[in-house]
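What follows is a set of structures for review.
Shared chain: subunit A. Partners: subunit B in the first complex, subunit C in the second.
For the complex of A and B:
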């Protein structure tokens, strides 16, 4: 970044449409990292105005006031007050306010004015305010507030045009800010001070002649059903169930196409490269390994799409509302629901999302149970085994048996998390009543643009992982599985003689009691880095074990033939707990500030996985033997 | 404190006791129990639960906890003990025709 580029910071209440506006200003040129020393997500982007001026844009976490009460709010507050290490304070603050909710959102503007930076107010969602008949003239509001005001629509393509024009026209203001006012003291934050600011807001609103917003909005009518004590939970259950059915069934054609593509490339390499080490590296190492992970991209995209839509539409906090009492039963609050649901995609963003939980104890428990949520990295394993062992039958009402099994696996993970939270409650001691204070934002149609940007970021992360970590591990595993070459007289598959084969047969002693063969045992080793790697590893192991047979992308029939049903069920049970994900453990270490908690999680989950797999294996054997 | 069944136009209730879809005017904030953190009123104030603001109970979850409260044009979920901290004056009885 150039030191000549001014930095503008977007500040606003949560749910003011700040992130949509940020996406609009910066497009896909965003850099997501963490603030130094804390795990709050730092979103930075670049804006080039029509006049060719370049600016850095920072999307600060949402805050209700400059008196912080969560780690997120603390970052915003410290940044604005110039107390955040490693950060240069902004040259200009863009205060984003929800035009339909000015009486609350303007209070932050009043507080920001006191701090003394150059300030411009973005009257966001101005289209919605106009439709509801509560719009105010930007010029009148600017006059009453004594701060420039522009109107924006975060969800429309040209919605930030007036803000960008303003930035262009007032670029000199942005630049002079280099020598800035000494930031004021943080706000006191008591009721009287807040009420004082509110009086100022009411004065401003009276001056612009704004009417009170209608108390009955379309959102309320939806809430009448969605938050209903009986219909609400029903709608939630159906939504989640349909989501998992769709993830399983909807992704299938795309996955089949990808599988065919991988097989085609393998066939092409087989035809054009002479048999030998190089061909084996491409076909057995890279394609059978990394290729069998890539085919799960459609499922992961679909799952993320569902979660993003639920989040963007405003439904997620409603789900948290409905589940608050239930979560309260195990000592958590509805606020833990959102991080836990994100953990279904991946525990890492889920654990990072716990920063929005103000209570440290609730936050810790949520972090500790998040790895029990079925993350998308388990999907490849589940899909492989369900596809191979569970008949594709339709039960009543068009519900597929395979989808049902998948749902059960998710449910077992969820149930275990509740049991764990319940037990942890006693370990962490008695506590005071914890407030919920959760905003339920108005419903709105998810914006395709934001959905696209969100999905693209996830796809990028996944593809980068396949291209780096997973690929490297696959090549390493291929190497270990190929050397040393067996002596001439050896009759079995070459891999049994290799380093990997020997390690596998050693590990098989540990895992034999729960029904794992040596191929599975060895696949679990690279699976430590990332769960989905285990599938790729199985691909490589079987590819090298099979003599002359082409396995790339066709693992399903092979495991269906090679494993017994109890072994498959046991591996499914193992993966409900599966402690092997070093990235998750690393994030837990960073978030909890020590090795104690990640080691506790790894140990407990390993134990749970071993016991669950063992019980499943022996019960299944007894059952099949009896039947 | 009167029970909801004997509502008079100027009855003082806590937000928890406000009937579903009934409207109230916030009179004050106070901490009712020593199990509640002392800065709760401050936080509620920052969300906009200030004396003089109008509120309406939009929904109650199963077993009446938590409740969804409309405040201005925003909606917040509060647990019962939080709503207990907010004293309101009843403005209007529940809207007829709404469920």
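For the complex of A and C:
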């Protein structure tokens, strides 16, 4: 950043649309959703106005006041109050407020005015306010507040035009502010100070003739059903159940098409390159390995489409509210629900989202149990095994058996997390009663643009991961599975003589009691980096071990033929618990400030995985009377 | 012979990529320091990312606009 470029900070209450505005201003694609606490760290971008003026734009986590209660609020307050060494304070604050809920959002504006920076208020969601009949004129609000006010609509492509226009027109003011303002300390933050600010807000609202929003909004009517003590939990359970059914059934044709594509490329390489090392590298290493993982992309896209629709519609905070009582029973609050639900996608953003939890004990417990939630990296493993061993049958009411098993696996992960939280109560001390206080945003129709951006980002992450980490590990595994070449007269598959084969045979002694063969044992080693790598590793191992079979196109039938049902169930149980993700352990270290907790998580989860897999294997053998 | 050469190159690049993906920043910087006299600067920048500047004693600058910390 050039030191002469003015710096604009977007500040406001959680879920007022700061990140949507940030994306509009800077052309970024930061994650946005219809609930509080999506942004937990500062993001920076650059705005070039139509007049060619360049400014740096900061998106800060939401804060209700300048007296932080959570780690994410502290980021915002420390930055504004100049408490972060080495950080240049802002030249202008854009206070983003929700135009449908001014009586609460303006309180922060009143506090920001006192700090002394140049300030402009962005009256966001002004379209929604107009539709509800609670809109105020920006000019009238500006006069009553004593600061400039512009209207914005963060979810519309041209929704930030008036703000950019204002910045262009007042650029000289912003430039003058490059001579930095020393921030004044905020008020004491006690009840009396807050009440004073609220009185000032009421005075402003009275001056602009704004009444409180009507009580019976469409959102309230929907909440009457969705938050009903009986129907609410039922609707939540049915929604999640349908989500997993659809993930399995809807993705099938796309998965089959991708599998056929991978098989076609493998066939073309087989026909074009003479047998030898290079052909083996492409077919057994790259296509059988990375190709086996990439075919699961449709399921991951469908799962995320559902999660994004739930996020964008505003349903997720309601789910947190519904689960508060249940989570209270295991020593957590409903606030932990959203980080845990984020962990369905990936534990890393889930763990980072715990910064919105004010109670340090609740936050620690949520961090420790987040890896038990079923992340999308487990999906390829689950799908492979369910596809191979669970018959594609329809039960009563059109419920698919495969989708039901997937739902049960997710439920087991969730249940295990709750049991772990309950046990951790005794290690971390019983929590003090903390009533859940969270904002329930209005329902929105999910924006197709947000959905498209969110899905594209997930596809990008998945494909990049397959193209970098997974591809690299598959090539290394292929290499270790191909050297040294077996001596003349060796009759078994060459892989058994290789370095990987010998390692697999050694590890098989450790994993034999829980039913794993040497091929699975090898796959678990590169699978330590990330869970889905194990699927690719199985593809490579079986491709090199197979004689004349086209693994690149069809790992599922080979696994179905080679393993017993108890072994498959045992591996499923292993993956419910195994902490096979180095990045998650690294994030736990960063968020807890030491190695003690990530090592505890890794040790406990490996132990749980081994015990669960062993119990599953032996119970299944006993039940089926086979091995 | 050519096949062996291509395969060796692919395996070396895969090894570098795996290290780049899995090693934490500090370890990557240490490896980059060791690699620095042996490999071209461009490879070091790719491998160590924003820490390339530090890894190479300030000789290799990070791509413009990136921070060095």
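A few comments on the model shown:
Rule of thumb we're sticking to: the second predicted complex is superposed on the first by the 599 of 627 C-alpha atoms of A that agree within 3 Å, B and C clash if a C-alpha of one lies under 4 Å from a C-alpha of the other, contacts with A are read in each partner's own complex, and residues count from 1 in each chain.
Everything that follows uses one rule, which is that a contact is a pair of C-beta atoms (placed from the backbone, for glycine too) under 8 Å apart; a residue touches a chain by one contact, two chains touch by 3 or more.
Computed from a predicted model, the values in this text were never measured in an experiment.
Looking at the shared chain after the overlay, A:620 reaches neither subunit B nor subunit C.
When the two complexes are overlaid on their common chain A, residue A:217 makes contact with subunit B while staying clear of subunit C.
Using the contact criterion defined above for the overlaid structures, shared-chain residue A:60 touches neither subunit B nor subunit C, since it reaches no partner.
Among subunit B and subunit C, the chain that touches a larger number of residues in subunit A is B.
Of the two partner chains, subunit C is the only one touched by A:471; subunit B is not. When the two structures are aligned on the shared chain, A:390 is found in touch with neither subunit B nor subunit C. Contacts of A:104 after superposition: subunit B is touched, whereas subunit C is not reached. Of the two partner chains, neither subunit B nor subunit C is touched by A:523.
Annotation: subunit A has no residue touching subunit B in one complex and subunit C in the other. Taken in their complex, subunit A has these residues touching subunit C: 276-278, 281, 468-469, 471-473, 475-476, 479, 529, 582, 586. Listed in rising order, the residues of subunit C touching subunit A in the complex are 3-4, 6-7, 10-11, 13-15, 17-18, 21-22, 24.
For subunit B in complex with subunit A, the residues that touch the partner chain are 23, 29, 33, 35-37, 39-48, 50-51, 54, 56, 58-63, 65-66, 68, 70-79, 81-82, 95, 98-99.
Put simply, subunit A touches subunit B in their complex at residues 64-65, 67, 69, 100-101, 103-104, 107, 134, 189-191, 194-195, 198, 213, 215-217, 219-220, 223-224, 227-230, 232-233, 317, 320-322, 324-325, 328, 333-334, 432-442.
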